[in-house]
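One chain, chain A, appears in both complexes that follow, with chain B as partner in the first and chain C in the second.
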Partner chain A sequence: MSLKAFLPELTLVGFLSALFLLDGFVPKLRENRFPLVWVMVSCLGAALATKAASNLTGPFFNGMVLSNGLSTFFRYFFFFSCGATAYLTLSSKEIDSRGRSEFSILLLCLTFGLSLMALSNHFLMLYIGIETVSIISFVLAGFSRESLRSNEASFKYLVYGAVSSGLMIFGISLIYGYTGTLAYPQIAEALVKNNGAHPYVFYLALFLVYAGFAYKISSFPFHFWTPDVYEGAPTPVATFFSVGPKAAGFGALLHFILTALSQKDGNGQWTMIPGIQLAPILAVLSATTMVVGNLSAIAQTNVKRILAFSSIAHVGYVLMGFVVMTPAAFSSIIFYLIVYCAMNLGAFWVVGIVTDLQGNDDVSSFRGLGWNMPFLGVCMAIFLFSLTGIPLFSGFIGKFLLFGALIQVPGYLWLALLGVLNSVVSLYYYMKILKAMWLERPEGEVKALRLPLTQIVGLLGLAVPTIVLGLFFSPVLELAQKWVAQ
Partner chain B sequence: MAELVPIAILLGISLLLCSGILLVTQILGPKNPVPAKLGTYECGVKPEGGAHIPFKSSFYLIAVLFLLFDVEAAFFLPWALVYKESLSEGPALLWAMLIYMGLMAVGLIYILRKKILRLT
Partner chain C sequence: MQFPILSLMTFIPLLGMLVILALPKDKPNLVRWTSVIFTGVPLLLGVWLYRHFDASNASVQFVERASWIKAFNIEYYMGIDGLSIPMVLLTVLLSFLCVFASWGIEKGVKGYYAMFLFLESGMMGVFCALDFFLFFLFWEVMLLPMYFLIGIWGGKDKVYAAIKFFLYTLAGSVLMLLAMLAMYYYSEPHTFDLLALAENHKQFLDKTVTLFGATYALDKILWLGLFIGFAIKVPIWPFHTWLPWAHVEAPTAVSVILAGVLLKMGTYGLLRMNYPIFPEATQWASTALMILGVINIIYGALCAMAQKDLKKLVAYSSVSHMGYVIMGMASFTTAGVNGAVMQMFNHGTSTAMMFLLVGVAYDRVHHRWIVKPDGSKGFGGIAAVAPVYTGMMAIALFASLGLPGLSGFISEALVFLGTFSNPKYQSYVVIGSIGILLGAAYLLWMFMRVFLGPLNEEHKDMTDMNWRERLTLLPLCVLVIVLGVYPMPVLNLMGPTIAKLLAALGVA
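Right, the complex of A and B next:
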């Protein structure tokens, strides 16, 4: 039973081991793009296995890992984003033939770690998942070994990672002292029994544990690494970092809050265990995260840094869904993650193409690109409009659902209003990129390039959902509701 | 709240002690900055060359691999202890260990093929 429910991850590990052996015995394979194609095939295989295993719900491996609808969603999400990252790396110049197999191997390992993290039902499993993801992330961030910026990114990531996982494991030890167990369901039982005794210890422990989550989702006050790492890491790596580990952090946080801190009553509603007040704390964290992200983005001139701060702001929006514990809020979180995946992957993809073309990723290198490469310019416009949350694009629906779920519960109107105001602020820095692309003249000679067919197909594959989900979103939303209810 | 008072007192005393010692050394300590004193301390010998040089670290990988396979061996012992009892519930534990050993074998083959153990 346990191994059957773990089939998607086992499939991934099988493909991964095969890639290890193939790379060891046939060194020529790295000359062409075989390893990356292999990653896409493995993600496809793992997604099929997810479909096969999706009806096996409940805890397995002695309660270490939890499989439910949310797990199914997060597995699909990770396998898709990993496959998409491999696809966009096909034509990247930053990951060349010297590092292609290692990159592919690390990407698959990372995806495995993400899956473990989001499925964990036990603090030990969670910690192992987070460390698996972190250690591989450090290597990937420093993947361009000749580039000083990349090395710096890796080192900064390592230092922040060490601090936050140290804090987290201290928090876990406090929780162990408070409840006498590390398994989420037993923690919930012990919390019911403790009935809110010694709140200082408990909230201190929760805050320290949140340090680990916040580092992974890059929420305030553990977001400082994000811009430096995204800027320094090779663009395909930054692309994956902005989607995969973030979603894994949200998955782990969702499982933790739903299994360890709340109870499910008969009609599918979750309520916090009596004596625990998380909503105001999460509301403040959400508000500060989006304000800090948006205000810091305004002054940036590097597109990757802008997108990094924008991703922090988006984390703030998603955290709004955690404030109200309704199924509607959870399904809108899932919907938002899907939409965010499409538009953010797309935006980073365009940045990757421009970086390969111009040699740097400042806003100035985007000047005039819209007129020279209209397809690229239009795609970037779609992604950025959607990230802003302008109506007709899917980002609007995502935000609309989140704000809508939030104002159902009295007392949090201010947070929703702050979210709307922040969207207005974000318009400024997204438009800065679009202004450079369409309204400014390039300096010196005009560089343009005919995009290869793979790039066009890939960008269309992300731009079309970004628009379609803004107009015709109910099937995906219903799917999200099904996953939440399961 | 009352039970937290001793902790608060401890925190206060340690803060006072730390800042006090730092402050006293700042005020009373003799300040005599000579070049030898400000330079890098290298076991008493005059420092030579820059600190940011690439150096060969071929044994580092061996150390990492040793750690890895050492931990692997540590996993076998508790497994061997519970293996016999678990057989009554089916061969799941056997499969789990076989998968684990297979993964380790893949890693070992990769290491050998990449010639990491060859130090020259």
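Right, the complex of A and C next:
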């Protein structure tokens, strides 16, 4: 039974091991793009397995992992973003034939770790998940071995990662000391027994535990590594970092809050265990995260750094959903993650293409690109408008749902106000990229490139949902509601 | 189901955009004539609409209604009443004329006209939408083509002007978004239907919200949220600083659309939402609105007087003239509100003429200086070389300053009449009427410096208007004169709707 519920991950591991062996015995395979195609196939297989296992809900492996609707969503999410990353790496120059096999294997390992993180129902499992993800991320961030920046990125990621997981494990130990257990449901039971009177050290422990989550989702005050790592890491890696680990962090945080810190009443509503008030703290964290992300992005001149800070700002928006804690808010979070995945993957993908073309990823290398490569320019415009939250694009619907959930909670109008003003600020730096692409003319020789069909198909595959979900979002929202209810 | 005329008028330009994008790059004339067709058809439909609109009926007509997003009760809900039909007609007319006014654009013709048609769709949608969500969608979507039209085809500081316009307007819209969400969640049953919200406006009373630790009345906060969004668009002082930049840097046709149609969306929005949905809050804010209107009139006029750039002068004159609209609206009298809506239409035609005429001069001499920044003479005495041009400018100018017999007089007179008949605001009329004087001063002074006097030798080769330009201006010229003599065609259209609106406000 447990194994069956774990089928998606097992499938992934199966494919991963096979690739490992194949690569060892048939060295010729790494010459072409086989490993990346293999990654896509394994993701597809894992997604199919997810579908097969989606009706098995409940805790498994002695309560170490929890499978429910949210788990199903996060699994789909990870497998999709991993497959998409492999797809966009197909034509990347940064990951060439020398590293394709390693890259593919690491990517699959990373995805496995993400799944563990998002499914964990026990602190030990969570910690293993986080460390699996982190260690592989360090390697991936430093994947361009000759590039100093890539090495720097890897090292920075490592240092920050070590600090935050140290803090987290300290927090976990405090919680263990207080409740006598590491399993989420038992923690909840122990907390309920205390009936609202918790020692201060418990709140300290919660904050320390949050450090681990915050590092993964890059929320203030543990976001400092993000721009450096995104800038230094190869673009396909940064692309995946901006989507996968973030979502895993949110998934783990969701499971932690819902299972360890709240109770579900008969109507399917969650209420916090007495004595725990997360909303005001999360509201402040959300506000600072988006303000810091947006304000820091304004001064950047490197597109990957701009997108890194923008991804921090988006974390702030998603955290607004955590303030509300209603099923509607959780389905908004899920919806937001879905649209964020499409538009952010798209934006990073365009950056990757431009980097390969121009040799660097400064805003200046985007100059006049809209006129020389209109398809690319239009796609980038769609992704950036969507990231800003302009109607017609799915990013707007994401914000519409989140703000809609927030505005129903009395006392948090200030956060909603701050949130919408932040999206105005974000317009400024997104427009810096669009301005360069469309409003300016390139200096000197014009480089243009006919995009290969794979890239056109892929970009369309992200741009079309970005528009369609902006106009007809009911089916996806209903799906999100179903996952939350399960 | 009846003939979906409003949807056709809204989406034909959008279809035109797609057609244009599919046309070959190297045939600019084909692109231009395609745009003529795709703006011409909505214009013809507009004529049909005008003939079939039942002016005696105060409720919405030509309604199209279909469920769109069930989860949020969002509908595709289009319809027009006496408030929107003048704006709809203005939009299709100006869009059609602007296609001709843009004939001289050489750079990226395809992109230009595609964006332009996209813009027309957005504008039509704003005036027809009766579902707040739909309205908001059109409202925001307009920003995208506008950003590119100013940013790519604009003047020297186009990039700055474009981003400033975009940021300002977005700041307003996000507040509107919050207000929209709050209106949805505080209404029972939850709805975005503007007419239903107006119908049940009492439900927003006696509720409070907390913001930064203080408690406020819900309806006033929502009123303010919407108001700031619309005020930026009008623009009402002190939210006007984007306007001179955007108007001056935009290409001629886009300035025409900006001043002719986009500014009216602000006041239209106030009349469509703030007034009927929050009547009590509107009463509460009416004096403030009146003061802002007067500030707009005087401040805009004074700024216009100080300008050395012809286009900037026209831009600031828009600020001043929109002040009359605000004043008329705030007066809460039948005459005042009728005058305000009439002024929205009349300013649309007269300011469109002014911007078109400025564009004509700019196309020939490539500057717009009344007085050059170094103090030397800019234009001067060009009546000698361009008599038709001068005549057209004189008509536009006199219409704009409110000369009896031309359209501007009717609306300004109605505004002042209405405001004066409200005893609360008589003193404001006195101050506001100084604006008329200032208006005459800056316009006539400009006319003197640019057209009269000895000819500046630099411009002795300036040619008069060609036939394309004359024909572009002719319809506006006719409208300005006809509506100045006999304004009833427009007044009749909106009368019943405004009477209904005022009845809902508890006045008149």
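Throughout what follows, the second predicted complex is superposed on the first by the 484 of 486 C-alpha atoms of A that agree within 3 Å, B and C clash if a C-alpha of one lies under 4 Å from a C-alpha of the other, contacts with A are read in each partner's own complex, and residues count from 1 in each chain.
What we mean here is this: contacts are C-beta pairs under 8 Å (C-beta built on N, C-alpha and C of every residue); 3 or more make two chains touch, one makes a residue touch a chain.
Since the model is a prediction, treat every value here as computed from it, not as a measurement.
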Which superposed partner A:Leu439 touches (first chain B, second chain C, both, neither): second
First (chain B), second (chain C), both or neither touched by A:Phe403: second
Which of chain B and chain C A:Leu3 touches, first, second, both or neither: first
First (chain B), second (chain C), both or neither touched by A:Gly411: second
Which of chain B and chain C A:Tyr428 touches, first, second, both or neither: second
Which of chain B and chain C A:Leu392 touches, first, second, both or neither: second
Chain A: partner with more touched residues, chain B or chain C: C
Which superposed partner A:Gly24 touches (first chain B, second chain C, both, neither): first
Touching partner for A:Val420 - first (chain B), second (chain C), both, neither: second
Contact residues common to both interfaces of chain A (with chain B and with chain C): none
Contact set on chain A toward chain B in their complex: 2-3, 10, 13, 17, 20-21, 23-25, 200
Residues of chain A that touch chain C when the two form their complex: 371, 385, 388, 390-392, 396, 400, 403-404, 407-408, 410-411, 413-414, 416-417, 420-421, 423-424, 427-428, 431, 435, 438-440, 472-474, 477-478
Chain A partner contacts - residues on chain B that touch it in the complex: 4, 92, 95-96, 99, 102-103, 106-107, 109-110, 112-114
Touch list for chain C against partner chain A, complex: 69-71, 108, 136-137, 140-141, 143-144, 147-148, 151-152, 158-159, 162-163, 166-167, 170-171, 174-175, 177-178, 181-182, 184-185, 209-212
